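The structures come next, written out as structure tokens.
Two complexes are shown next, each including chain A; its partner changes from chain B in the first to chain C in the second.
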Partner chain A sequence: MAHSKKAIPWIIAGAVGVIGIFLWKPTVLVYGVQRAGLYASIALPMSLTSGILHIVNLAHGELLMVSAYITYTLALLLGLDPLLALIPTMLVMAIVGFILYELTIRKALKGPELNQLILTFGIGIALSQIITLIYTNQTRKLHLDYVSASMTIGETSFGIWDFTFVALSILMTIGIRMFLSRTKLGKAAVAVGQNPKGASIVGIDVQKTYAMVFTISVVLVGIAGSFFLTRQSLFPSVGSPFTMKSFSLIAMAGVGSISGVLYCSLALGIAEAIINGIPHMSGWSDIVFFLIIIITIAVRAKKTRKI
Partner chain B sequence: MKRATSYILPVALVALGVLFPLFFGPYPQTVARTIFKYMALALTWDMLFRSGQVSFGIAGFFGLGTYAAALLALKAGFSYPLAILAGALISGIFAYILGFLVLRLRGTYFSITTLALAEIFRVILRNWTSFSGGPEGIVLPQIIFNGDSRCLYWIGLAVLLVVVVVSQYFEKSKLHFSLISIRDNEVSAQTSGVNIFRTLLVVFTVTSFLQGLIGAVDVVSVGYAMPDSAFDSNYTLLPLAMALLGGQHSTWGPIIGSVLLGVASEYLKLKIPYGHLLVYGVIIILVILFMPEGLIGLFRKKKGAKRG
Partner chain C sequence: MLKIDNLVCGYGRMQVLENVSLEIGAESVGLFGPNGAGKSTLISATMGMIKPWKGSIEFNGESLLGKETYQMARLGIALVPQERELFPGMSVEDNLMLGAAYIPHAQAKSEQQIEKVFTLFPILKERRKQYAGTMSGGQQRMVAIARALMSDPKLLILDEPSLGLQPSIVAEVFDVLKELKKTVSILVTEQNVRESLKAIDRGCVLENGKIVLEDSADGLKTNPYVLKSYLGL
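== the complex of A and B ==
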């Protein structure tokens, strides 16, 4: 109960803020929520790997980018809508994830934490360079009619397609939670995440669980990538900022907290949209994430000093 | 006797480096200058890595030195030598102040925060148009030494030598043992009387000063600075790959690694204009998985096996 009492002032402050923004510029709120959906659907898969495998995957944004390119290629080759191409993309991403785990991550999990970090950094570079080799640096975009759907309420009109990201992030949250609490593999994964040694003593195949969880998270980021393609132009370095942003969200939410990622992306999405809403300030919105990450990490580090 | 012979190779290499422009034309000189730049950055990264801290912020302090020197030369009318020194100092001062924040962090959190710092510098300089010229950057009226390629080469070499000397000093002084003990076990380091925070702060400040110095010399040698080129993530990627390939925790490792990768990438750049950096990613992966000690480590192992 003490926990929820502590939250009350925050909820009030949040509500006041939301009403304030709504009175100032209603579209800011809409775009903020949409951004939050995008960020959360990219960060959630990363939260799964960092919560259970305890690694920070610095190739996360590149996996997003790779899946967007795969969807793009499939959509062009087969003439599919990207949302239909999503299904074969998931399959390809599952293979990519499994191979990545078996060839690289598995070995690095035994090594020191910093080696894992450098390794996934290298994987990220390799992925973005492979894409550069195949597709060059040229910007690519699919032109879809439905993404420009808009809606008008009173005097303000705004695009509504981006609400699919909100739906996606909520579905992902529910899906991951169901997976972790209802399925046998998910329960095993929680156990492995808490204590790999203990889990292996009670008969859980730790390696298999790690491989499955990593693959699932790559597939999930693949889904996010297909949706990402519907809205954004593609170029090889398009994914890299999302690695940082996802990590920021996870650091802020606390490692392994799934719903926390959702709330934090809401806060940061709206914060970015506010800065974007101020004239001539849109270039500064990126800084919100980086400042917040530095502040949260510093505060958390002070609270939980390990030494 | 052993001391005297151990000086022969470095002295020969320095002599070779100094005389290089007398035998080779402007193109090899430019290639060599680029390699020196990355070699120096690789060494500064390794100097901090010896304490077990992985910085992803090389590009940040490099770019900070770049911009500080260029802005001081352009707006405050500093002469180039003065601007270079000031650029390096500003980079060092920033690192000293920021060190109080980031050096409390360890492991992943430290690394990611340094990456975030580099991004913050870039965003600020790109958007503060009235101060920094915005995304188009700034152009200096002239290149140092009027662009004479030999002089540019020598100044690049001079910076590299400064970095090598500092790196060697770190390796031979008492600081070396403090750094190793921090890397191995912070608790025992602290109980043995190592002031962890202060040691790391010194190293972080010195390496950032040097990164700023490299950046400042680079900007007066090319004559322009743009946010996306000064804070290019390649300035983080390449030195890291070079140091890892050559062999971490030493002066020789990054030197060997950067010569190999520098020459290779110059060749590949001509062959494959898009995507030649793949080599760097693959090398990082392979080194971490199969050769964590780098080439130097392989060499040491062989030597050890012979002796044993």
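== the complex of A and C ==
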């Protein structure tokens, strides 16, 4: 890789920083990594859509929320653990994704970007309104014993359940990369992402590819939604901040970069945990989150302009 | 093989083609005409990229109307578009392999096919690992032709293959076409009438959306109108 030499000082700086944080407050590192896992699991599916279909799906966070509600309902009705209810949830989300694509996204793909933004923004509002109608604004939560599992090392003790998000995000990264590099549909998706017209000329069914990739991305965010439910209380607007955060992570990582999303989540997760670790500063974490993103994008824009 | 009959089509409300009829058998046909005559439009309609208003297009007796571009490719029509339409972020080799990967009859023999294509364009073998997007314009044109050949087509359509190429490369491209026409039907649009005459059996002149002249390659060479307007004599 051409980047590897340039990356060395960054890796060293990162390692020094990590060791520093670890000596200062080990839990900050733990919570930072856990938070990064959550952000990445939600942002990765969005990265897939924006990389291949070149649309920004502003309903992404709402899809996360809808999936969490579906899991919640299945868990209550069938008495299932949410992680078992995950499987039927994936099926429902696949149907939701496919219908959304065929009825709406498909038609907007040819249109101007503003139309796509308005469309997906509208879908997001519609989804949260539908959920409000069915479930009201009341918060819902499942009480699961295993999420409060904790671990003590030396004198520090911390929750370990949230490491499942780290595992989930790593699995998603590996899964998406294998899909794109090994499967026939995935390779077609890469070609379509680079040049849809060229793809149709070599015999790729572009519409089918778009529909499948969008559906897969909705299923993936659905998986994240089921896990999300294990930890968080649900209310209809619980997903919306994650649209902005995911979008920012993708902008920071560079559109279409799957592993970039992982690294950027890690940087932001740790930065947030550091802020939260300083007394009386926790209100600043969102500001720092977006500040880092703005700086990264600005620096990158300057770099590309030089070339 | 390809039979276009009384084709009328255009963009929005603007009509571009007016009752164009063109038949291509086991031969190589040139389509000439000035900028904006409608050559690319005729190709787009054939490939299902725009919808014809009227008329019919058949390929080996099967109507192409209402079919999508990817279906044309799978039927055996390969296109080298005027804008090349490569996959810029993939290597030359990946671009070429994609030419065969989604064409059922070409997929199995893609390994042999790529060797054949490399003998036609040795430079592509040297540059197989280079990103297509970083190749020069002329090299990209070769990648586009090579990619089309990977699908082992029955009909090869080339839209202005010599556009932006240096004269020695233009000659090389038409030498390749001359060789290819022994095994595959060709439809080629060109501004460079002189060079392309050696690679075609027959030619048509399209002006303002109408075919105004149709003759054998030898006939065109001596036609006073072609001599004056297209060969600059």
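Basically, the second predicted complex is superposed on the first by the 294 of 307 C-alpha atoms of A that agree within 3 Å, B and C clash if a C-alpha of one lies under 4 Å from a C-alpha of the other, contacts with A are read in each partner's own complex, and residues count from 1 in each chain.
One rule holds in what follows: contacts are C-beta pairs under 8 Å (C-beta built on N, C-alpha and C of every residue); 3 or more make two chains touch, one makes a residue touch a chain.
Everything numeric here is computed off the predicted structure, so don't read it as measured data.
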Thinking of the overlay built on chain A, is A:Ser259 touched by chain B (first), by chain C (second), by both, or by neither? neither
Partner chain in contact with A:Ser181 - chain B first, chain C second, else both or neither: neither
Please work out whether A:Gly283 is in contact with chain B alone, chain C alone, both, or neither, and reply first, second, both or neither. first
For A:Thr156 in the superposed arrangement: first (chain B), second (chain C), both or neither? neither
Based on the superposed arrangement, let me know which partner A:Ser233 touches: chain B (first), chain C (second), both, or neither? neither
Under the stated touch criterion, name the partner, chain B or chain C, that contacts more residues in chain A. B
Mind working out whether A:Leu117 is in touch with chain B, chain C, both or neither, as first, second, both or neither? first
A:Ile125 in the overlay: touching chain B, chain C, both, or neither? Say first, second, both or neither. first
As the complex stands, chain C meets chain A at residues 47, 49, 68-70, 73-74, 78-79, 81, 85-90, 98-99, 101-103, 147, 151
Inside the complex, what are the residues of chain A that reach chain C? 184, 187-188, 190-191, 194-195, 197-207
Could you please specify the touching residues of chain A with respect to chain B in the complex? 56, 104, 107-108, 111, 113-115, 117-119, 121-130, 132-134, 136-137, 240, 244, 247-248, 251, 283-284, 286-287, 290-291, 293-294, 297-298, 301-302, 305-307
Would you mind writing out the residues of chain B in touch with chain A in their complex? 52, 54, 56, 101-102, 104-109, 111-113, 115-117, 119-120, 123-124, 126-127, 186-187, 190, 233, 237, 240-241, 244, 272, 274-278, 280-285, 288-289, 292
